[in-house]
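Which chain is which? They are A, B, C, D, E and F, in the order written, and residues in each are numbered from 1.
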Amino acid sequence: MSITQRPDGRATDALRPIVISRHFTKHAEGSVLIEFGDTQVICTASIEDKVPGFLKGKGQGWLTAEYGMLPRSTHMRMDREAAKGKQSGRTQEIQRLIGRSLRAAFDLEAFGERTLHLDCDVIQADGGTRTASITGAMVAAYDAFSQLKVRGLIEQVPLRHFVAAVSVGVYQGQAVLDLNYVEDSGCDTDMNVVMTEAGHFIEVQGTAEGAAFDRNTMNQLLDLAQNGISDLIDLQKQVLGLLGN
Amino acid sequence: MSITQRPDGRATDALRPIVISRHFTKHAEGSVLIEFGDTQVICTASIEDKVPGFLKGKGQGWLTAEYGMLPRSTHMRMDREAAKGKQSGRTQEIQRLIGRSLRAAFDLEAFGERTLHLDCDVIQADGGTRTASITGAMVAAYDAFSQLKVRGLIEQVPLRHFVAAVSVGVYQGQAVLDLNYVEDSGCDTDMNVVMTEAGHFIEVQGTAEGAAFDRNTMNQLLDLAQNGISDLIDLQKQVLGLLGN
Amino acid sequence: MSITQRPDGRATDALRPIVISRHFTKHAEGSVLIEFGDTQVICTASIEDKVPGFLKGKGQGWLTAEYGMLPRSTHMRMDREAAKGKQSGRTQEIQRLIGRSLRAAFDLEAFGERTLHLDCDVIQADGGTRTASITGAMVAAYDAFSQLKVRGLIEQVPLRHFVAAVSVGVYQGQAVLDLNYVEDSGCDTDMNVVMTEAGHFIEVQGTAEGAAFDRNTMNQLLDLAQNGISDLIDLQKQVLGLLGN
Amino acid sequence: MSITQRPDGRATDALRPIVISRHFTKHAEGSVLIEFGDTQVICTASIEDKVPGFLKGKGQGWLTAEYGMLPRSTHMRMDREAAKGKQSGRTQEIQRLIGRSLRAAFDLEAFGERTLHLDCDVIQADGGTRTASITGAMVAAYDAFSQLKVRGLIEQVPLRHFVAAVSVGVYQGQAVLDLNYVEDSGCDTDMNVVMTEAGHFIEVQGTAEGAAFDRNTMNQLLDLAQNGISDLIDLQKQVLGLLGN
Amino acid sequence: MSITQRPDGRATDALRPIVISRHFTKHAEGSVLIEFGDTQVICTASIEDKVPGFLKGKGQGWLTAEYGMLPRSTHMRMDREAAKGKQSGRTQEIQRLIGRSLRAAFDLEAFGERTLHLDCDVIQADGGTRTASITGAMVAAYDAFSQLKVRGLIEQVPLRHFVAAVSVGVYQGQAVLDLNYVEDSGCDTDMNVVMTEAGHFIEVQGTAEGAAFDRNTMNQLLDLAQNGISDLIDLQKQVLGLLGN
Amino acid sequence: MSITQRPDGRATDALRPIVISRHFTKHAEGSVLIEFGDTQVICTASIEDKVPGFLKGKGQGWLTAEYGMLPRSTHMRMDREAAKGKQSGRTQEIQRLIGRSLRAAFDLEAFGERTLHLDCDVIQADGGTRTASITGAMVAAYDAFSQLKVRGLIEQVPLRHFVAAVSVGVYQGQAVLDLNYVEDSGCDTDMNVVMTEAGHFIEVQGTAEGAAFDRNTMNQLLDLAQNGISDLIDLQKQVLGLLGN
């Protein structure tokens, strides 16, 4: 379908190779390495038996997310945020997005006064780190809740619906799915979409970095995202062993 | 068109009363008080004769934005960010949005090695402070550039296109335009849209705070936003004396 | 009486036009816009139903103040303190002064375990922002306490005495009242005086920025301040409707 | 003259025993231990061969001051400011006062592009630490400039006039000089005065912590301060060997 | 030789299985995943073409190290240092140790005005993270310098000597090599030793966490460390292809 | 025994003149000025009637240490850490070392739920400030506990064993005891040793700043340290009046 060749030769509507490795590290209740092509993110889910002050005594749980990049996960080494003493606006924006997306995936009232901490740490960056984080954190969170269930602390995983995320954008005049770093740096429009397995929107964040984009382009981008997310959710379920056969 | 009554009785597609007062304070090159109903924001535009390090010697300008709320602009007093020693993630997210939106409005290569600082300070908050900020900052920036032109430092205002912003959302099952605080607190979906005078998108940021929303709702929301922004841009031009008669 | 002309033509013992606008914003229990000429400060008073740790259980209240300037309230844009991550020494000095002055105005033991937060935010600066802040905060605090009384939570406004503040200084060899920015920048001596309606001192802070000043000058300055403050307290009472007729 | 006995038996117009020890530590260009009774402050003066950015190339010098208290200089241990990561408002207020006072003592245009750093560190606190700091820093600064002169880098100590400082206050209804901690904690009014050897004012900072004070009390306090400072300046000159015989 | 069984059944003088994987991530000039049993650390070496201010113009290079732990690399989730806004004392102590150790390994004067940044990020912690970091960083640094050589920017890797590190300690009365987390938590004495390939000491840091230890124990610990480090250096050379045959 | 002359003419195995002055300031429960030659440190011990959160309700005490340097305690003025808003890595490393060393000296379970705060503030630095701090803090802590005993709050000083510390190093090829600043700056190896009165090790921290050192040198250094510490502990006991006669 594509006229312009994408830098890695993919079709405009093709995801990069996606790999989700569960049980990646041993301490966390859920631990996933997710790869979107060369983008690699470790997503861990940790359960703590208390909630923030504003929820104390309300009988419900909380879910929160943090995001970081190793200093040399990127082409040029970035300063370490812990050493600088503050998280960038970009980091905070991303971790707020991950938190909102995953709070939509689970029923916060159904796992007691516990907090699920999601940590998404980028080991290697090649575009799409926030969408890989959301998609991987979904699996890590599911694993952590499954462990709570195995330990008899909840009756079932408090799932509302699976969520996954993907980026779409306009690269050299063409709407494309799942941009890598080269495409991301050179694109006119960049949009991150988070959807449920039912194809409903959780988050849409689109930015025209070059030319403003029209309604028609918007529709093409949303179509691409919807298909990509559908595939990602299938993969999530498959690695979790939730797909029948 | 609305079945459910909105809290202030507006039609679902009606903006609140919008007032834009230019020359609100005396020191800034551009200074605007913008009101979206009870939401009041002071937007100032300040010109500095230098650019950040990464642009030095490139012969182009820069535009940056900061956002703040007076501690008692809100229903309950908030802690002062200067006293806490850091800006919240929300503040940083908003000021990054304002900056990106206004950088799309002007040609950064056409006003020399200067920085335009936009400061959006909320005096009174009643929902929609970020969209009011963008819409007011557009006018303040225009005024600041006009002053540069009057002083003979640039030949014309380096305008690419007017931009304005509005929020839309799903309140009690209905798509509505320009949510006030009561609607914003109770809504299922909240979307902020920034568009150009040509009806093209600069930014779309939609969040399902309750139920995820479907593509049809997405389309209704974008329609509402497009009409609202068109009216806002007409008003911007009118207060700037740019509408013929 | 003056030989040297003051920059704005005032007599040496004349205040600038003073305007006090109550109910300036809608959320705060007390909200005042005070203008000393071109200096404009929003003073809000917020009541919180708890006290700091060191007062817990002692049955008395507390009153505290914070001060800020919008980045472009001044001739040249200042860095935003929230973005820098700390309040300057000047800011802290001023907010400590406002707090001490207003604590002297009210009986802290007479309004229960509550904290009155005063926020003084400078919208436009032209000299005398700290004295305008104190004078305006007095009215905002009175309004907030009045509201507590109306709601039946206290029996009467816990007033000890009205306080107001004004600056005096030596400008071009002459003692003058209520310095504006031009005078303030060029003066040899700058003194801020806070007094009660009985003409007693709450605070005196005088600094010789150029030549040291002698006892005689000190006396002239205190005379000027005493008269100016008397007029300011009359105005406070008048806008509050406390002056009989 | 006193009716009420002061806690340590002093006359109302008596200073505590004052000791100024020069060359207290070995590295600093000027180093003084000053004692006002049990209050002990190490004041060092360090010369650096550069000036802050705003003075670069103007051919003049700068003088700046910092103040600190050892954590257990006080009755109860205070948190260490370096560990808390910020200086309190009180600390900043005091170091700004010391800086202004000493800048008035010297001719900043007469010692080249150098910065004199004054560090006043309280070893033991018993009231009056800021006035002891100013009085001791005067001697340390003089010593540092003398060393510059000995090294042939300036022709003479750039002295405008000696300055010293003392506190006065109203303790149990009586105006008293040089309050110790017990008096300071219990007094109604506390005033810090900085004067020159000619008896002119550099700084006056008076605060009514209890009852507001009248003009008559103000005059008594200023009289006490003037006499105390005169004695302190005599002592400064004596320890520096500047008094003839 | 051991009487008490070690938790994982090792001999007292046995290292855990050590794995060093080069080229672990793709952007860094050197990138190593090092495993000491279940302890896993990503060590990257990044070359920057400038030196810190204190070395500018001296014609020599610099080497610096930073250390971090992913929040859930540990048994219980730790707070993220970037979110807390500061690095702990432990983190700083470790990164200073890594930096000093690696600066001893290379000739800083032999690679021009460049900085080698070493980042050691713990993915999974099970005791000995600082010694694994040093041992892995040695390989990453070697790779980075090799790349500089391949690019013709230096003539040879500026090696002084290989260094590696290991922990030793007294666990249940017995001197043991390379403590894992269980041993580390329960040991009386913990010592980290950094040595060169010639068996000379770079760093020795021993701490008696329980009973103080005598000179005889000290000697046993140093013997164990020397043998362990010798094996580690052999492995470093082997993975780098520097062992002949 | 020495061939090379040490800068101050001492024998290689000689301590500098050591002076320990108790009751140096009046507020602290224990207050010592310790001098190792020109190095002067004020060590205070403060008792607080509570413990950190992690020990609450466990019936035992805690001991913690902080360290600081006056800005001009050094040859060149250092920035004040309180003004910079953070403690350096070196400061944190030293205060952690002091804390661990002194926690080994006392039985934390034998003085109730109290915290002993040790503050070591360097007044004048000439090498060996951390070892002087530990040695002086031992005496200050002993005095503080003695006061608790006198007040009847504990039955006896909860002493496990006396500890003291000294530095050793290789200066111009020779192992020497108690390095002053000149030796410390120029030495190849620097080692800080903390031992008990029984000659057992609490801490050993050795760093090869120049050439790596061999096992033989290690042994010479430990011998020197052991003798020096033995003398220091004798002096501690003597000034505390604990040596019989």
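Brief remarks follow.
In this section, a residue touches a chain if its C-beta (ideal position, glycine included) is under 8 Å from a C-beta of that chain, and two chains touch if they have at least 3 such contacts.
What you are looking at is a predicted structure, and each value in this text was computed from that prediction instead of being measured.
Looking at chain A and chain F, the chains that touch each of them are E. Relative to chain F, the chain whose mean Cα position lies farthest away is B. The distance from the centre of chain B to the centre of chain C, each centre being the mean of the chain's C-alpha atoms, comes to 33 Å.
Distance from the chain C centre to the chain F centre is 51 Å, each centre being the mean of its Cα atoms.
Shared contact sites, meaning residues of chain B that touch two or more other chains, fall at 85-86. Here the chains make one closed ring, and walking it from chain B through chain C gives B, C, D, F, E, A.
The touching residues of chain D, when paired with chain C in their complex, are 86, 89-90, 92-93, 95-96, 100, 104, 161, 191, 195-196, 198-209, 211-215, 218, 222, 226. Within the complex formed with chain B, the chain C residues making contact are 25-28, 31, 38, 40, 42, 44, 46, 48, 66, 68, 70-75, 77, 80-83, 85-87, 91, 117, 119, 121, 123-125.
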